[in-house]
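Note that chain A is present in both complexes that follow, paired respectively with chain B and with chain C.
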Partner chain A sequence: MAPAVFLLLVWMLVPLCMTLWFSLRDYRPLRGGDLGFVGLENFARFVSSSSFWPAVLTTVLIVGGVLLVSIIFGVLLAMLLDQPMWGQGIVRILVIAPFFVMPTVSALVWKNMFMDPTNGVFAHIWRAFGADPVVWLTDVPILSLILIISWQWLPFATLILLTAFQSLDSEQLEAAEMDGANPLARFFFIALPHLSRAITIVILIQTIFLLAVFAEIFVTTGGAFGTRTLTYLIYQRVLESQNVGLGSAGGVYAIILANIVALFLMRIVGKNLDR
Partner chain B sequence: MARAVTTQRKALNTAVAWTVGLLIFFPILWTVLTSFKTEAEAIANPPVILFFDWTLENYGVVQERSNYMRFLWNSVIIAGGSTLLGVLIAVPAAWSMAFVPSKRTKDILLWMLSTKMLPAVGVLYPIYLLCIQLGVLDNRVALVVILMLINLPIIVWMLYTYFREIPGEILEAARMDGAGLKEELLYVLTPMAVPGIASTILLNFILAWNEAFWTLNLTSVDAAPLTAFIASYSSPEGLFFAKLSAASTMAIAPILILGWFSQKQLVRGLTFGAVK
Partner chain C sequence: MGRITLDKVRKSFGEVEVIPPLDLTIEDGEFVVFVGPSGCGKSTLLRLIAGLEDVSGGEIRIDGQDATMVPPAKRGLAMVFQSYALYPHMSVRKNIAFPLRMAKMDAAEQERRVKAAADVLNLTDYLDRRPGQLSGGQRQRVAIGRAIVREPAAFLFDEPLSNLDAALRVGMRLEISELHKRLKTTMIYVTHDQVEAMTMADKIVVLRAGHIEQVGSPLELYRNPRNVFVAGFIGSPKMNLVDGPIAASHDAATIGIRPEHIRVSDEAGDWLGKVGVSEHLGSDTFFHVTCEGISEPLTVRVGGEVDLRYGDKVWLSPDPDHLHRFDDKGLRIA
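Let's turn to the complex of A and B:
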């Protein structure tokens, strides 16, 4: 176990210390390099820049939107897939398939083949109903991104919720049915509480991945039209405008944010280890 | 499920589930279909669904334009290399944590998990800079190592949950029958551990194949895998839906097939054993 621990320790500590170091300096590789120690100025400037709050809002909208869609539809889909039917295995594969599509591919396929305002599938559908096609990525950019990312993450939520559903005691449901509980009551008072742990885990794991969403924005809007998330903003500061000090300060914020989420996740996983 | 279900009910379930399933799968299906069309048919209005002249032309053009095979080879090396290297490092770690747990085992496992939560963008510049300093920007070996480190926590966790299911009694039984440490490892533990190791390799290969932050930011030409290959199609050049589809199909086909085999591992691997 020593080599694994050692490698991870180095992998975590070295870049982390470098980010912390850069965040305290005025460092611009293309404009004179390291211009010296500036204290916490980068941290203050990152937060007070005009693009900070919009980026926070975008991040919250995208993460929240995708979570909402994937949990609601994930529960419904899991319930559906748990029913007896013909060809269950194949349906399950169809539903899970999007998860295995690489992010750059799904973003490009959606952007061009579906959301293209002249030749996309959506444009065809809109025109078939006599409506003007929507210019998805410019008119409703955040909604479009939520749609694309939800499509990628719905399978994950569904699969985990389905696994949880399958451990639900059917006798309990039958007993409730005999006692006269209607389907809605059975869902809210038996199924949903049983799923609560799985839902919590889906929320926590997806939040960590969704906060880091990058490729989907990179190949669709490139951060334009108000789709710049915190992650993307930091990326632009660091690599595009090469303001490493400022970007590193943003990175430190991102690390703190991710750790807050991670703390809750660890608590749940840790509890599970004891059993 | 012990509940009696009428055939009618089952038929209804089947119809609804298949409709929803096909709807979700449609973008993939549509991409694959479009890849066999000509560019004119690809943007035809109304769209042609099945009855068009199937052609392989796009695949040829894509291979010629961007040398698909080189990207594919890079993807295979990066995903395969990082997974195998990761497993080699993780097996002893997971093994000792599962069979010789100490008081700190749980803390170490949770700490490993926490390294996975480190947002990549937070350490983008340091890694970028280190790669430049070491002269390994756009280098396959560097990506193998980086992706291995990113997935190492998941690999250790998955192996740990699998190894922990191997009952300790079976070792005692083998010992009673006179097995030494070598026989124990070779004939008792290894066969029982193989399925778990195989599932771990499968899931992590998929994760590494689809990784699109480091592969996009740390490669340009020599080491660029399929994620970067596809990103190069993000600026349209005239008629290109069919070619984009062909390129996309070529990038996802290998992994979709592997994905079919790894549904179960997905739950265990990505929830760190918290949902079974």
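Let's turn to the complex of A and C:
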């Protein structure tokens, strides 16, 4: 066991320490190399750059949008899958399938097969109705990204919510029915509160992963049209501007942010588990 | 008002007919208990009355109105479930007020009714707790509270006490009987428990495989069981049933005799037997006696002071006035 823990620590600690180390130096590999200590200057420059706040906004929009879509549709899909139906097993496997597709692949499929303005499926549908095809990734880039990323995360949300639905005591629903609650009231007063813990868990896990979304942006818009998230900004600083120091400072911010989110959400889950 | 009539009500789940056509009338204000072996369709029958299951045929009338197709909420019945089915994320107050809230009753009236129910059920101190913070008996009372605030035409209980320990059961049994005396509302109560059935019911309905075997007051069923099944089912310990030549000597296929109707003597009697296990309850003692020519040991009830030991020889004589005789179809011979 000890070697495993050691390996894990090295695995996690070495990159972390290197990030912290570089964030304090002015290091530009192709433009003069390591130019020595600069204190906290990288940190100040990262947040005062004109791209910082737009990147924060984009991140919030994408994370929030995906959470919203995956939870609303996740609840609906879970409700549907909870009904007894023919071919239940196969349908469930199909619903989970997108989760196993690599992000790069799914983003490319969406970009080229669905959202392409001349040959995409959507373009054909739009034309069939006599409308002008939407140039998805240029005109509504954030919406497009939310669509692509939601498609990947919906199965995860559905799966967790489905198990939560299955644990709902049917006598509670029957009691509510006898108490005069119509289907809508039963959903909002009984089912939804029962799902609250599962929803919190979905939010927690997805937020942490969504903050790090990269491949989907890389292969679709390449960060153009206002789709530059914090993660993407850091990538650009390091690899495109060749400024490792500045990028590392961004990385440290990202670590702090992710930890705050995790801590905050852990508390909610903890409270939820107490009941 | 709460007069419930079942008219040729049937229920099948797919191919399986759980309840063959069944007629039953429950009078207003009656306390009716459904008993029967496990799987005989007691819960199903209750759920049919509640409207939680659709009937496969026949008609259910509540106060003369056809309610067969009426949704559960509109039937004016309240149900208390075995699992209590409280809403875990709501306080006791909200749980009890839920049906009123669904009926869009005004807040002041809701509050008044919740208070009144909490008073009756001793829940006033717990109104702001969640169900998870209550004991089993308290949860049960909340479930009853949620039922009584609606002022229903009838209450339906499905084994409400089976999750409670023995002492608490006795207490809740009394409370429910008390509640019935006070509200005078029709109650239909499903149970496995002999004592609950005998002590609480105005009328017992004995079911077997979806059939009604007999309907009557507890003592009627105890004294005059219509057939062997009811005779063996009602009463604890069970009635002794004897067949073979001994029954034939009484012109019957089977005879039945209750444990308290057998006289014990060490000198003379009808049947000679050997004492087996004895159960001392203090006030009474039950002896299990193996007799010649009778396959099953007989249960005999005597006073607590009678002292017989394992292996002792005794003579048993059934009281002829209390002998039940059944023919080869199991029906009572008058």
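Structural remarks
What we mean here is this: the second predicted complex is superposed on the first by the 263 of 275 C-alpha atoms of A that agree within 3 Å, B and C clash if a C-alpha of one lies under 4 Å from a C-alpha of the other, contacts with A are read in each partner's own complex, and residues count from 1 in each chain.
As a convention for this text, contacts are C-beta pairs under 8 Å (C-beta built on N, C-alpha and C of every residue); 3 or more make two chains touch, one makes a residue touch a chain.
Computed from a predicted model, the values in this text were never measured in an experiment.
In the superposed model, A:V60 makes contact with neither chain B nor chain C.
After overlaying the two complexes on the shared chain, residue contacts for A:V47 are found with neither chain B nor chain C.
In the overlay built on the shared chain, the residue A:L159 is in contact with chain B alone; chain C does not reach it.
Contact comparison for chain A: of chain B and chain C, B touches the greater number of residues. When the two complexes are overlaid on their common chain A, residue A:V95 makes contact with chain B while staying clear of chain C. Of the two partner chains, chain C is the only one that A:A176 touches; chain B does not reach it. Residues 171, 174 of chain A contact both chain B in one complex and chain C in the other. Considering their complex, residues 50-52, 71-73, 77-79, 81-83, 85-89, 98-99, 102-103, 130, 132, 146, 150 of chain C touch chain A. For chain A in complex with chain B, the touching residues are 1-5, 7-8, 11-12, 14-16, 18-19, 22, 77, 80-81, 83-88, 90-106, 108-114, 118-119, 121, 124, 127-128, 151, 154-156, 159-160, 163-164, 167, 170-171, 174, 197-198, 201, 205, 208, 211-212, 214-215, 218-220, 231, 234-235, 238-239, 244, 247-248, 251-252, 254-255, 257-259, 261-262, 265-266, 268-270, 272-274. Listing the residues of chain A that touch chain C in their complex gives 169, 171-172, 174-181, 185, 189-190, 193-194, 196, 275. Within the complex formed with chain A, the chain B residues making contact are 1-3, 5, 9-10, 13-14, 16-18, 20-22, 24-25, 27-28, 30-31, 34, 42-43, 45-47, 89-90, 92-93, 96-97, 106, 108-110, 112-115, 117-130, 149, 152-153, 156, 206, 209-210, 212-213, 216-217, 226-228, 230-231, 233-234, 236, 241, 244-245, 248, 251-252, 255-256, 258-260, 263, 266-267, 270-276.
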